[in-house]
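Shared between the two complexes below is chain A, which pairs with chain B and chain C, respectively.
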Partner chain A sequence: MDRGVAISGMGIVSAIGMNAKENFEALKKGQHGISEVELVDTILKENILVGEIKKSNQELEQILKLPTPNSFSRSSMLGMIAIKEAFRDAEIQVKDNTSMAFVNSTTVGGMDMVEKFYDSFLTDKKNQHYISVNDAGSNTHLMADYFNIKGFVTTISTACSSAANAIMLGARLIKSGRAEKVVVGGMDGLCKFTLNGFNTLMLQSNGFNKPFDDERVGLNLGEGAAYLILESQSSLQKRDKTPLAYLTGYANANDAYHQTASSEQGEGAFLAMKKAFEVAGIQPEQVDYINAHGTATPNNDLSEGRALLNFFENKIPDFSSTKPFTGHTLAAAASIEAVFSILALRENIIYPNLNFKTKMKEFDLTPQIEIKKKEVNTVLSNSFGFGGNCSSLIFEK
Partner chain B sequence: MNSCFINGIGCVSAQNTFENTFFEDAIDISNLNIVKAIKPNYKSFIPPASIRRMSAGVKNSIVASSVAIKEASADQLDGIIVGTGLGCIQDSENFLNKMIGYNEEYLTPTAFIQSTHNTVSGQIALKLKCKAYNFTYVNTGGSFQSALIDGLLMFEGEEANNILIGGVDEHAEYTNKLYQAIGYYRQDEEGKKNILKQRKSGVIPGEGASYFVLGNEQSDSTYAKILDVQLVNKLDQIDLPSFILDFLSKNELKLDEIDVVILGNNGDDEFDTYYDEASSIFESSTLLYYKHLFGEFLTSSSVATYIAAKILREQVIPEHLLGEQKVRKSDKIGNILIYNQYRGKDHSLILMEDV
Partner chain C sequence: MEEVIQPFYLEKENRMKNNIIHYCNIKDGSVSVNGKSLYVNTVEKDFLSFIKTVYKQFDLAYPKFYKMDPLCKLSIVAASILLENTGSEIDPNMALVLSNKSSCIDIDRKHQETISQEADSYASPANFVYTLPNIALGEISIKYKLQSENSFFIFEYFNPKFLIDYTNSLIDLGKSNRVLSGWVEVNENNYNAFLFIVEKSDGIELTQKNLIKLK
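So, the complex of A and B:
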């Protein structure tokens, strides 16, 4: 039987931990990682809360033992820490990497460095080496060099669904026989550019984000990175490795409604879920847990809620958004939540939707608010982004 | 497993590709330091209010994709896949300038929204009300090729009948200066620059938007068939011949069966040696060049794809693409190989066949 594509390793860094174990402990204890901005030099400090990783760039460089000066952006360094863990988890040595493919995703890329030195680039040669990571792909290439990956390497950027699409492409590369092992995922560090951008859109909350709550006022931006190792069955058999879980369903669709907002009925989301179940060849009622996109913006949660109600014909399985823990980590969100989904399958636990108090007026929808032990065999994870981009992934034991 | 045909093309570039007279005549750009695309008549395609708001890359993409879709008579698309090296760099620059210039105050959302990398693919979907698969690749010199590979995967997996693929990049003033400062782009210089003869450090930057409707069925509008695409991020020059030979043998082709090779020479003395290496193994193929007429940009191999498709359909080789070379094969043009790399990274091969 076609069991989809195997996942043989995973790694994660987020505001609730620097590896999978720390993240899982925080999820179990209900410990969120939302705080005031400390590491980004912005005038917005007093207006917003974020899911910030409390490690300076210098500390990240030390963790990775990077020579200085280097041209790694914060996003790249977070990404590399997560990839290292994923390789360890999959028991893959760096010397094996030459035949590996790498599908990265990011929205920030090297923007954190570019914005820092933007004004002085032309006059101060000292930091000019950061100009080379102005485009997103160059960040990926530097990371590939660090891990000695020399095969197919690419970068996807589709806003907040980026990592879901990276995971999807990786699965398709394996299914087509174009790759045996692929590192897939996303990364985004916090920077002034995105904090200010979301500020102009008035999408950020000055308190803790409350997905699916009637009084939700917006999101908390977060930062982080997470990666999976996708592997073909034959490759797994060759090295006698048991997978963590399987990716069985995936799909992307477009809302084609508005450049930044989701349609009222969540048509793109509905289509993405529908196609993902077709790919997986399973029925919606087989889902044990949904990790929702749930950004806590008024628009997303209404649109996603409607799409869920329509798709599951009002019988929605247990669902929650884990963004109250990590904040919205943009390009990394879908891979961070993929790791949470795989942990839910392995540990038979589903996570609480923190900060939820009041049901939304528009419909009767209550997310899971307590941590819950249950048999979890199938998880659906949704991610939606600007440009109407909607993606759904299905993970199974 | 389905085949992949190019059934429609729209190409906005520094040459008259959009008007489709480029094969007859080329514009001399050798005195330019920055090569800009010729603006098409946006008014025929985009409402006036949007023309003011949209950046060049978005506008050129909308125009080029409309033309490609019309030519292919593709009423329904099963995917929109865009590759862009620098993304919407004009709007990124615009937002950055204001954010830094006004110390994070008085900012408006428009530039931020439009700076998102997938603005182009999102805008095309919005215009067409196309709810299908929608991806954007931002992978330096391998952005367009990534989009093509994704497209091939869709046909191989029988997931699509018609898809739109594009490559787009635009100039932004300050960004050009930054790349000049680190030597990626040449410093402004007087006079004519024959990049095919005189190599120096850095490239002459260009821009453009090329869109292709790919279909699983041949039609009256078919230009050519795309057989295979390969992309690797890193390659030592010494390994280039085996990279090319392995790719050809995977596709059951011998070196002398490649009638035309389109090379990405851009005049950068540090990296054009890769093209010398590639040229040296093709003894009987006609070698063509194009960046001396279009400038270099991260998605410039989309222009090479346009050129290859047109040569295969019309069976004509424009003289202005020959550089100092001669036509080595005068009979039928059956197979064309495009080789490109950017600054020694993102080595790609695109293999196309006549129909």
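So, the complex of A and C:
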């Protein structure tokens, strides 16, 4: 039987923990990671709250035992910590990686370093090496070298759906027999460019983000990274490894509405879900939990809410957004939420949508607000990017 | 009589080929569809002035045109003329596979100028949102409500082989029945748009030779 693509390992760092166990404990206890900005030198300190990982770049270098100087951006270092955990989890040694593929995603790349040293690049030679890692792809290749990954390596940057699209491409590499093992996921560190950009778009909340609440005013940006190891059945059999879960459905659709906003009726979201269920070959009513995109921006939650109501014909399974815990981690969001989805399957638990009080007036939609133990066999995870780049993933036991 | 089941490769041979059913060119001050010249203006050497006369001539009535960067202007005008002057119905699942050489270099330059000014420099959102070539795909998709597959590729030269392979693969794998493909290049006053529609019906054979000839 075609069970989709096996997931043999996962790793995560976010504002609620430096590994999967810490993240899961925080989710179970309802402990969020949203705070004031401490590590980014920004003029917006008083105006915003973020999901910041309270470890300086020096501390991240120490965790990874990196030599200095090096050209790793904050995003890359977060990514490498998560990939190390994923390899440990999948019981893969660094020397095994020569045929492995790597599909990475990021929106920040090395911008955090470049914005720090931009004014001194012409006069101070010692930081000029960071110029070459401004580009997203160069970060991926540095990371591939670090992990001795010699197979197909590429980078996807489609805003907030990036990691979902990376996971999807990885799955297709496995399904078409082009790879036996693929590291897939996303990474994004906080930086001034992102904070200022979202500030200009007026999408950030000065309080805690409240997905699907009538009084939601915007998102909290977050940082983090998460990766899955996707592996073919033959490779798993060869090394007698039991997978954590399966990715059975995936799809990406185009909203065709606006350069940045999502359509009010959520057509792209609807299409992405529809196609993902076709790929998985299951019915919508089989879903036990939806990890929603739920950014808490007025536009996303209205659009996603409508799409959910239309797609599930008003019988929506338990759903929540976990962004009140981690903040919106952009290119890492879909892989962080993929890890949460797999943990939901393995631990038979679904997470609360923190900070929800009032239903939106446009429709009758209440997310799961308490932690809930239940049998979870199928999880749908949504990620919708700027410009209506909509992706849905389906995970099964 | 026993039913004869043809082997897969034979079935493939017998299938109707993917052909070019319509095409459009905008170059050297002229606009043509399926090889027939519909408009000529060799007076306006400036690209932006020229494309505005084309927009007006063809009565495209899509005011968002005025906000667009040069690449999107060329792309939306070429796509609109092709789709609206060939009597072909809009297939909402039509895929878009475009390519060029200079990406969206004109708006990139403009964006660079605005952020390089010493005093009060800030990025203009109106420019910034156009600093990706695939926005041209988005603009066509938005205008014609295409929620379909799309990709934009950058090549040093017109690459008919790549476009043919990609287009055939989209149709043969059942992702789309129809593909709008081609080349949309603009760099200051040098421009060239060649768009063509491919599907399984009568038309010009989709070969490298034909694409080079039609461009």
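Couple of notes before you dig in:
The criterion applied here is as follows: the second predicted complex is superposed on the first by the 397 of 397 C-alpha atoms of A that agree within 3 Å, B and C clash if a C-alpha of one lies under 4 Å from a C-alpha of the other, contacts with A are read in each partner's own complex, and residues count from 1 in each chain.
By definition in this document, contacts are C-beta pairs under 8 Å (C-beta built on N, C-alpha and C of every residue); 3 or more make two chains touch, one makes a residue touch a chain.
This one's a predicted model, so the numbers in the text were calculated from it and none came from an experiment.
Taken together through their common chain A, the two structures put chain B and chain C in a clash.
Shared-chain residue A:172: touches chain B; no touch with chain C. Contact with chain B, but none with chain C, is seen for A:131 once the two complexes are overlaid on the shared chain. Set side by side, chain B and chain C differ in how many residues of chain A they touch, and the one touching more is B.
Of the two partner chains placed by the overlay, only chain B lies in contact with A:199; chain C stays clear of it. Applying the stated contact rule after C-alpha superposition, one finds that A:259 touches each of chain B and chain C. In the superposition on chain A, A:225 makes contact with neither chain B nor chain C. Once the two complexes are laid over each other on the shared chain, residue contacts for A:12 go to neither chain B nor chain C. Only one of the stretches 27-35, 45-53 or 261-269 belonging to chain B has C-alpha atoms clashing with chain C in the superposition, and it is 45-53.
In the three-chain superposition model, chain A touches both chain B and chain C at residues 200, 253-260, 267-268, 271, 387. Taken together, the chain A residues at the contact with chain C in this complex read 200, 253-260, 267-268, 271, 387.
Residues of chain B touching chain A in their complex: 80, 85-87, 92, 95-96, 99-100, 103-105, 107-109, 112-119, 121-123, 125-126, 128-143, 146, 149-150, 153, 156-157, 175, 177-179, 181-182, 184, 230-235, 298, 345-346.
By the touch rule above, chain A contacts chain B in their complex via residues 42-44, 102, 107, 109, 111, 114-115, 118-119, 121-122, 128-129, 131-132, 134-138, 140-141, 144-145, 149-159, 165, 169, 172-173, 175-176, 178, 192-193, 196-197, 199-201, 251-260, 267-268, 271, 385-389.
Those residues of chain C that touch chain A in the shared complex are 125, 129, 135, 138, 141-142, 144-148, 150.
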